[in-house]
C-alpha cells in the first residue's frame, strides 16, 4: 500500500517532468498508460519480494540528503588531498567490520550506500548487523566508527 | 567557452580512465575504469548538449547512465560465476 | 584543416580494418563476433561521418534557420545497428551451441575434431586449458 | 570545438581498437568492446546523430555486451594463443584498407556542406518533413514514414533474430544430436 | 475501396509483405501442423502473386511501387521488370514446392516443438529473398538481405549433425562480412551521389565514373555480393552449409539463396553501375572469368570425390554458380541470357535433386553414397526424379540444363573463347561422372549388408519432387517462353531493345 | 501430324518406349513380360515396314517434336539410310527377342525385367538415331543409347562387369561430349542449323585443315564406330549376356556409330566437299589401319566372343572405309555393309550364345567337334562367317563388292589393298573355327549336350537365312542406298560388274 | 536470499522508473531522440537488470518467457497492420496519410503506431534472447 | 544576475572538472584496487554533482534542469551500488587489499 502511494506520486511526476507536454492530450493519455504499466511492474516486483516502505521516510529523507551532501563534500576534499599530495596526506588503507543498527533491509541499504557514497569509505559486505568497510585512511574509518551516520540512518528508517 | 573547457576536462578524465582500463591489472580495475568512463561520458554528453545549445540530448545521457549501470552489474554477475583462481587479467 | 579534411574517414577505415582483422585472424569464435561488431560499428561511423555538416546541428527541428546534419544516414544506421545486434545475438547463440557440441570454441580444435588429422581428436581439445590459466596469480596483486 | 571532441574520441577509439587486438583475455576484449561502443556513441553525438548515439549506447554498449558476457559465462573466457601465421589476414586487411584509402582521394571533405550527400535527397527531408509528416524529429519522420519499409524490415530482422535464438537455445524436450557431441 | 482493387494495386508490396507478415502469424499458430499449412498456403499465394506480376510486366513495361506513397528517391520503391519477375517466379515457385514438400521431411528431421519456429524462419527467409529481388533501393536490399541471411543461419543450424552448427557459424561470419562490405560500398556510393535509389544511382553514376570513390564502392559491392553468392575463392561456407542443413533447407537454399545474390550482383553491375562502367572501366570480367572458370573446374572435380551426395551437390552448386558468372562475364547478350537462364534452371534442377535427396534421408537417414547403394530398387520414383535432375545438371538435351549450357556455349563462341567452350564441355563430362556415381550406386549396387528394407517415399514428398523434375523436362522441351523471358530480360539489362 | 508417315514415326518411337513401360508393369510375371516384348517387336517391324513404300517413293516423312531454339530442334525425318538402319533393327528385334527368351531362361539370368526394359529403351534410342533429322537429335538419342545399354552391359552385376561398364561408359561418353558435341556446336555456329542436308552443310564454309579437324572431331567423337584407338569399349562390352552382344554390339550400338559416320559424311560434310580437301583423306588410312590391326588382334583371341568383337571392330571400319573412299558406289557399299554385317554378325553371336547355353563353352579351343553335336548352330555360324569373309552367297559379298568397286573407280589403291588383305585375314580367323568345329574330333567331353533350346535355334536359323536371302534379294536395300547418293539404280543392275558404271558428271574423277 | 540485498533493493527501486523512462522514449520519439527501438531496448534492459539481480527463476515469475514470442509477433503484426490498413484505404503500403482525414494527423498516428509495434517487438525479442542465454547459464 | 550565474557555473564546472581529474589521477596513483575505488568515487559523486549543478544553473528552473537532476539522482543512486557490488565481488573472489595495518577481524 505504501508502495502504491509512493509510486502513484513519483511516477506521474517523473513522467511529466520528462515529457514537458502538459497540455498534449494524446501524450498525457500515453503517459497515464505508461505510468500504469510501470507501476504494474513495480507492484508485481513488490509482491514477489516485498520491501518495507514507510511513507514517513519520504518526509525525512531531504534533511538526510542535505547532511549527506555535506559529508560527501568533506570526504571528497579529503580524498583529493590524498591524491595530489600523497606526501603530506599519505593513504593508509584499512578494513574493518562496523556494527550497524538498522532493522530493515532498506535501512541497511541506505546506510551501506551512504558509506560508499562518501569517498574514502566503501561498504564491501553487508550482513545482518555488521558492515565490512574499506577505508582509504584510518581517519575516515574513525569518523564512521563514531556511529553518527548509523544513527541518522536508523532514525530515517523510523524504527518502530 | 566554459562548456568547451569543461568538455575537454572531462575528456581528459575519460582518457585517464581508459588508460586504467587498458592497464588493468586486475579485472576489477578494469571494471572500475569502465564504470568511471561511463559516468564521465554521461557528463560529457550533458555538457556537450549545452555546448551546442541543444540540451534536449539529455535523454541520451540518462540512457547512458542506465546502460552503464546495467553493464557493470552484468559484468559483475559474470565475474561472480567464475570459479576461484581463474580470474581473467 | 584542409590537409586533414578527411581525417575522420581515415580513422574510420583504420577501425574498420582493425575489426576486420580480428574477425579473420582470431581463432576464437567469440572473439570473431567481437571483431565483427567492431567492423560493423566502424561502418556506422563511416555513414554518420558523411552525414555531418560543419556547423550543423542534430536534425530535430530547433530555431528556424538552423543548419541541420543529414538525417538520412542516421536512419540507415539505426537500421544497421539493429541488424548488427541481431546478427550478434544469433552468432553468440551459435557459439553457445557449438561449445555444447564440441566442448571448445577454438576454430582449430573444432576442425581437428571434425576431421581428425591423424591423432585422436580428444587429445587436441586440451590444448587451450593451459593457455591462459597463468593469469590467476597475476590478478591477485 | 566539436571537431576537437570528435578527434579526441576517435583517438580513444583507435586506442581501444588496438587494445582489443592486442589483449588476449576474452573478458577484457568484451569489456573493451563495451567501451568501444560507448565511445562510438559519443562520436555519434559529436556528429549530430543523436538518435544513432542513443541506439548505439543502448545496443552496442548494453545489449551486445550483456549477451557477449552471457556467452562468455557459458563458453569460458580462455582463448587459445594464436597459432596461425598472421600474414594472410594481415595481407587481406592491408589490401582492403589500401583500396579504401585510395578511394578517399575523391571523397568530399569531411563536414563539407556542399557535399553531394547534402544536395540531393536529404534537403527535402529537412525542409519539407515538418510540414509533410508533422514530426519535429526528422530522423523519426524519415525512419517511420519516408523509409518506413526499411524499418519494417528492421523489425523483421529483430524478430528473425529472436526466433533464431529460440530455435538455437530455446528449451528443448529431448536432445537430438549425433553421438560424440559432448555436453559441457 | 474493395479488397480486390487493393490487392491488385499492391501486388509488388504484397509479394514481400505477405510472407513477412505471415511469419509472425505462423509463430502464433504454435503447432507444427497448422504452421505448415499456413506457410504452405502463403507460399502458394506468393507464387500466384509472382505469376500475376510476371504477366503484368511481360510486355516489357516496368512496374514501380512507392512505399508509403513517397516518390522514388525519397521513399523506398519496388521495381518489377522482366528480370525481377523471372527471379521472383523461380524463388516463389521453389518456396511453394519446398513448403508443400516440407511436412513429412520436417516431421522426421526437426523436433516437434521447433517446427512452428522453423516455418516462421522459412517464411522470413522467403520474404527476404523475394524482397532482395524486387526492391529498387540499395539500402533496402541490405535490410532484406539480412532478413534472409539471419533466418538462413538459423535454418542451417537446425541440421542434426553438430557440424551444422559450425557450418552456420562459418556462414554467419562470412555472410556478415559480405553484407558489411556491401553496405560500405553502398555508403560510398551514397557519399558521392546523395541517393540510394537504384534507378537514381544509375542516372547519376555515369558522370561520376571517374571518381575513385565510385571505383572503390564498386569493388566493395562486388566482393560483398561475391561472398553471398559463393563465388569461387569465397565459397568456403557453402559446402558445409548445404551438407549439414536439414533436407528442406538445403533444397530451398540451394535453389534460391545464391541465385538471389547473383541477381543482386547482376542488378548492381548492369543496372546501377551500368555495363559501360562495370565492364568498360572496371573490367570486372577479367576477374570474374578466371574465377568462374576455376570454380567450374575445381568444384566439379572436388564434387567427384565426395562421399556425401549432399556435399557433392553443394560443390556442384559452386561449379554451377561459376557457369552463371561465366555468362555474366561474357558481356554479350547471349552470355547474359545464358546466365539468367541458368539462374532459373539451376534452381529447378538443384531443387529437384535436393528434394529427392531429402526423400532418401527421410527413408534411410543418410545421403552417404555407400548407404544409398541399391536404393533405386526400393525408391524407384525418387531416384528416377534424381536421375532427371542429374541429367539436367549434366546438360542433356530435352532438359533445362541443356538450354542454359547451350546458350553459354553460344556466348563463348560469340566471343571466340574456344578454351571456355572446351572447359564447359569438359566440366559437363565431369558432371556426368559425379552424377553417374550416384546412378551406379543407386541402381547397380546391392543394398549394403544389414540395411533394413525401406519403401518408397510418401506421396507428399514425391509430388513436389516430380513437379520439379517434370518442370526440368517440360521447360527443356518448351524452351520458348523461358528463353524469351531471359532474352528480353537480358536485353533490358543491356539496354538493347527487347 | 495428320500424315500417316508422321504417325508412323511417332509410333516407331512410342512402341519401344511403351514396351519398356509395359515390361516394368509386368515386373515379376515373365510370361506377360515376354509377350509384351514380342508384340512390341512385331508391331515395330510392321510400322517400320509401313514407312518403307513412301521412302522408296522419294518421300521424306517428317515430325518435329519440339524446337528448342531457333535452329535447334528435336525432329525426325525418314531418309533412305535411316530407313535402312531402322529396317535392320526392327527386323532383328523380334528375332533377337525370341533368342533372348531362350537364352535368358536357359541360363536362369537374374534381373530379367531390367534386361527387357532397357532392351526396349535401347531400341527406342536406336529408332531415334535412325530417324534423327539433325545432329542434335542424333546426339540425344546417341547418348540415350549409350546410357540405356549400360545396365545391359553390367547385367551380371559383379565387379568385372562394373569395371567393364565403366570403360564402356567412360569412352563413349567422353568422346561424345568431348569431341562430338563440340563438333556439333561448331557446325551450328558455322551454319546456324544442324539439319542433315542433302549435299552437306559445311561444304563451302570451312577451309582445308579446319575441315579435317572437324572431321576428326566427328569421327572420333562417334565412339561407337570404334575407330582405333577408341575401340576399347567394344571388347569390354562383351561381358554382357550374348543377346546383348548380338543385337546391340553387332547391330544397334555399333551400327548406330557407323550409321552416324556415314550420315555425317553424306549429309553434313557432303561427299563433294570432302573430296576436295586433302586434309580429310586421313580417314581412309585410319579406317584401313583399324581393319587390318583389328583383324590381326582377332586372330590372336581364343575367346570366341572377343574374337567376334575384334572382328566387329574390323568390319565396322569397312563401313567407314566405304564412306571414306568417297565414291557414290562405295557409299552404297557402306550402307549395304551395315545391313550385311548386321545379319552376319548377329548370326555369329547367336551361335556363340547358343554354344554357351548348351555347352557352357566360351573358348575356341574347346569347340572341337561341336559342329556335329550342334549342327544347326554351327551351320548358321558358318554362313555368318562366310558373310564376314565376303564369300557368295552370303550378304557380305555384296557390300564388299560395291566398296571395292568404289575403290577401283576412284583409284584408291590403298583401299583396294586393305579390302583384299582383310578378306584374307577374315578367312584366317574364321575358317579355323569352322574347321575346329567340324573337322577336329571331339575330345573328352563328358557332359553330353545337344542342340541349344528351340527359341535360340529358331532365331539362329532366321538370321542365317536372312544373310543368304540378302544376297539374293537385295533390291530394296539397294534402292534405298541408291537414293542416298541419288543414283538411279536400275532393276537389272547386277553385282557381277558386267554393266559398266557411269559416274555422275558432278563427281570428280581424279584423286585429290 | 538475504545476500547481496543492496543491489536488489536499489534495482527494485529503480526499475519502475527505468521502465517509465523507456515508455517516455517510446512516445516522445517524434519530438526528440528516441523511438520504438531505443525504447524497446531500454524497457528490456530494465527487466534484464531485474533478472541479473534476482536470478532467472525470479525474473521468470515477473515476466514469463513463454508470453514473449507471441508479443513479439503481435508487434510485427501491429506494424504490418498499419500498412495493411493504409492499403485497404486505397493507398500504398504504409501510406499513413490515409489513416486520418488530415494527412499530417494520419502521419502522426501512423508513426505512433508503428513505433509502438517496433517497441513491443524489440523489447520482447531482446528479453527473449537474454532469457535464452540466461537459461543455458543456470 | 546572469553574470553571477555564469560565474557560478564557471566555478562549479571548474571544480567539477578539477575533481574529475583528481579522481582520474587517483585511479593511477593509488596502489591497489580497493583504494582506487575511492578515487573513482570522487569523480562519481562530487565531480558529477558540481558539473550537473553548474549546468542546472545555466538552464534555470526548466525541464532541462529536472532532467539534469534526474541524471544526478540516478548517478548517486547507482554509483555506490556499483562500487559496493564491485568491491564485494573482488573481496569474494579473494582479491586481497593492500592494508597499512593488520585487518581488524572484530
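Here the chain labels run A, B, C, D, E, F, G and H in written order, and each chain numbers its own residues starting at 1.
What we mean here is this: contacts are C-beta pairs under 8 Å (C-beta built on N, C-alpha and C of every residue); 3 or more make two chains touch, one makes a residue touch a chain.
Here the structure is a predicted model, which is why all the values come from computation and not from measurement.
Trainee: Suppose you hop from chain F to any chain it touches, then on again the same way; how many hops at least until you reach chain G?
Mentor: Each step joins two touching chains, and the minimum needed here is 2.
Trainee: Which pair wins on C-beta contacts, B-D or B-H?
Mentor: Counting C-beta pairs in contact, B-H comes out ahead.
Trainee: In whole angstrom, how far does the Cα centroid of chain C sit from the Cα centroid of chain E?
Mentor: 29
Trainee: At what distance in angstrom does the C-alpha mean of chain F lie from that of chain C?
Mentor: So the centre of chain C lies 70 Å away from the centre of chain F.
Trainee: Chain B to chain E: how many Å between their CA centres?
Mentor: Measuring from centre to centre gives 47 Å for this pair.
Trainee: Just curious, how far off is chain C from chain A if you go by their C-alpha centres, in Å?
Mentor: 38
Trainee: Residue numbers in chain D touching 2 or more other chains?
Mentor: In chain D, the residues touching two or more other chains are 25-26, 50-51, 53-55, 58-59, 62-63, 66-67, 70-74, 77, 100, 104, 107-108, 115, 117-118, 121-122, 125, 136-137, 139, 143, 145, 147-154, 156-161, 163-166, 168-171, 177, 181.
Trainee: I need the residues of chain A touching at least two other chains; which ones are they?
Mentor: In chain A, residues 14, 18, 112-113, 123 touch at least two other chains, as defined above.
Trainee: Chain G: which residues touch two or more other chains?
Mentor: 6-7, 10, 21, 24-25, 28, 31-34, 37-38, 42, 45, 48, 69, 72-73, 76, 80, 83, 93-94, 96, 122, 129, 132-133, 136-137
Trainee: Sort out for me which residues of chain B touch chain D in the complex.
Mentor: 4, 7-8, 11, 14-15, 18, 21-22, 24, 27, 30-31, 34, 37-38, 41, 44-45, 48, 51-52, 57, 59-60, 63-64, 67-68, 70-71, 74-75, 77-78, 81-82, 88-89
Trainee: Can you list the chain B residues touching chain C in their complex?
Mentor: Spelled out, the residues of chain B in touch with chain C are 25-27, 52-54, 56-57, 85-89.
Trainee: Which residues, counting only chain E, touch chain D once they are in their complex?
Mentor: 17, 20, 23-24, 27, 67-68, 70, 73-76, 111-114, 117-118, 120-121, 124, 127-128, 131, 137, 139-140, 143-144, 146-147, 150-151, 153-154, 157-158, 160-162, 184, 188, 190-196, 200, 204, 211-217, 219-220
Trainee: Sort out for me which residues of chain D touch chain G in the complex.
Mentor: 50-51, 53-55, 58-59, 62-63, 66-67, 70-71, 73-74, 131-137, 139-141, 143-145, 148-149, 151-152, 154-156, 158-159, 161-163, 165-166, 168-171
Trainee: For the complex, which residues does chain H have touching chain G?
Mentor: Within the complex, chain H touches chain G at residues 74, 77-78, 81, 84-85, 88.
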